[in-house]
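Dropping the structures in below, format is structure tokens.
In the two assemblies presented below, subunit A is common to both, partnered first by subunit B and then by subunit C.
Our next item is the complex of A and B:
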């Protein structure tokens, strides 16, 4: 599962969605792998305008990546900075959580990630 | 729902939809590769960098249509999600349509193709539409596609007046290699479907607090593009 995907996921428990503690989910005991992927700069540049940068900063820090800049690069900055584009591509698109857990900061429920696939089916008592 | 009053709908669907897809996943996937024109058109009309959902993505065949957007596909069948997750640059997760792990008002678009007709009560079908609409931004659009009752020219031949809730057989051919007897054979699975009559999808959307932008009929299916009803200010 891509780091980018985490920016668009929250807890599946209905009562958690209105709480700011449920986003982003917190990676726990994660094994990361890198999947090589061709850079699509149009996609990345435009997706970045939709990314919650604060949440991404949290996720990156929790996964042990170097601190991200305080604000996201603008499309213009990105167009002139191939190195930054490549780094963001590596972090968002190529880095994958292969095994581990995603924890909700509100209810504490842990969602398993196995072979790169996160499972959000809830046990009966949480539905 | 036919003669299953005592069984909770989610249990019924578990047995008559989810377990079947889990078992037929790879065979089902090998027969599902052609994109329907309306869906293809919708996907190709998206602006680059749009972020959206494919709710009930199955093997992810619609993830292959546009590589300039980012889609998170979800399905209850982990066997199908494994296949779907191979479509770059997208993502696929295991999730339930009625308990999606996404934030409200965050997505540019959503599609749900041949999914909500597997839910076994009108309330659950409306709830599914509401769950999809909830994920959309104000200007976001969702394309929902369901099997039609009116399909008299199809192989199945159903039409107005036919039973709307039924079990549809899926015949899986098993080759010699995979057959315990060593002979080529076949196994039949049954999946629950609710066939939609004309106007019914639009009613679900209205009941879910949505607004139909455009709707129509395409080869044995009803479809509708909808958005969240804008609250007048």
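Our next item is the complex of A and C:
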């Protein structure tokens, strides 16, 4: 799964849905892989206008990526900033979480990622 | 023109038989003899009309444990790529909205199975949505289905690339129960071909630690999960419907859900309307001209 996916996932436990601590989930012991992809700046620009920037900043920091600016770049800023474009392209488009865990900040449940697939099925006591 | 018409009729008929065969097969031994009545070449998804958008290849998929594309799958493809639905989606997800570029839509298919539907929408994003900056993701309760979908998507991508055509941006498949892993308000287009066959019982969902086992029993359980819908065939679909107001994006969320005649589609549509004040619902695709239990339809829900 792409790192970008973390921007659209939350803890599957019902009681966690209302807590802001359940988003974003925190990657732990993750093995990352990178797909080499051509930069598609139109796609990147249109994706950036919908990501939760604060959550993405947290994710990037937790995965050891360069610190993102406090506010998302505007389409104009992005077009004029080759380095930023490349960094965001690497983080959002190219990087995949292949193995590891995603941890809920509210209940502490750890979702295992295996072969790029995160397992959000719950153990019986949490359903 | 004449030959084209009869080809089209013939093809619909074939898909019918295909559906009947696969449900009966899944439904138990006593019907399995029907399966052998269906000539093998009728089972091929690649035989859909040339005038339609090509169906993604799923020949790598293991149908002992993953739902095989059937008439329901093809009805979804045909409906989403129909002129009227393309018009609806292109208007809704127009690239330019009063001078601003609208952000990339997120398409989530729940219950991807082989991945035939998601990879179709993914590969033909440009033709369906009028833009290719579409994010696609899948959820399935079956780990094998999640893996198979990723492969199907990448084959479909390669086919598009060979023809110098665009495709969407696939962000991955999640192993999970319906929309429970998805962040509220984030889905722009939700697609669900549910387990809709009425059955006395609903197969239990696998738990977090069950998914590593492999055996004949586990495989049959996974196949049962792909078709068995419990009371009225609606137990799983009902749970998803309840989540729709929450999971669909507030401004442009919409959903395509397949129902069969025993699901009591008119009652389902009434229920949908009561879920959210702003919901509209309409039947946008049907198949199975013969009256009877196998008649299928696609409803579109939007606000």
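We adopt the following convention: the second predicted complex is superposed on the first by the 127 of 127 C-alpha atoms of A that agree within 3 Å, B and C clash if a C-alpha of one lies under 4 Å from a C-alpha of the other, contacts with A are read in each partner's own complex, and residues count from 1 in each chain.
The rule we apply is simple: a contact is a pair of C-beta atoms (placed from the backbone, for glycine too) under 8 Å apart; a residue touches a chain by one contact, two chains touch by 3 or more.
Computed from a predicted model, the values in this text were never measured in an experiment.
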item	value
Joint occupancy of subunit A by subunit B and subunit C, clash or fit	clash
Partner chain in contact with A:10 - subunit B first, subunit C second, else both or neither	both
Touched partner set for A:47, first subunit B, second subunit C, both or neither	both
Partner chain in contact with A:36 - subunit B first, subunit C second, else both or neither	neither
Contacts of A:123 with subunit B and subunit C, given as first, second, both or neither	second
Touching partner for A:76 - first (subunit B), second (subunit C), both, neither	neither
Common interface positions of subunit A, toward subunit B and toward subunit C	1-2, 4-5, 8-10, 12, 17, 23, 40, 42-43, 45-47, 49-50, 93, 115-122, 127
Subunit B-facing residues of subunit A, complex	1-2, 4-5, 8-14, 17, 23, 37, 40, 42-50, 93, 111, 115-122, 127
Complex contacts: residues of subunit A adjacent to subunit C	1-2, 4-5, 7-10, 12, 17, 23, 40, 42-43, 45-47, 49-50, 75, 93, 96, 112, 115-124, 127
Touching residues (chain side subunit C, partner subunit A) in the complex	101-104, 106, 132-133, 135, 137, 139, 141, 143, 146-147, 150, 169, 171-177, 180-184, 186, 205-211
Complex interface listing, subunit B residues touching subunit A	10, 47-51, 67-70, 72, 74, 76, 78, 81-82, 85, 88-89, 91-96, 99-104, 106-108
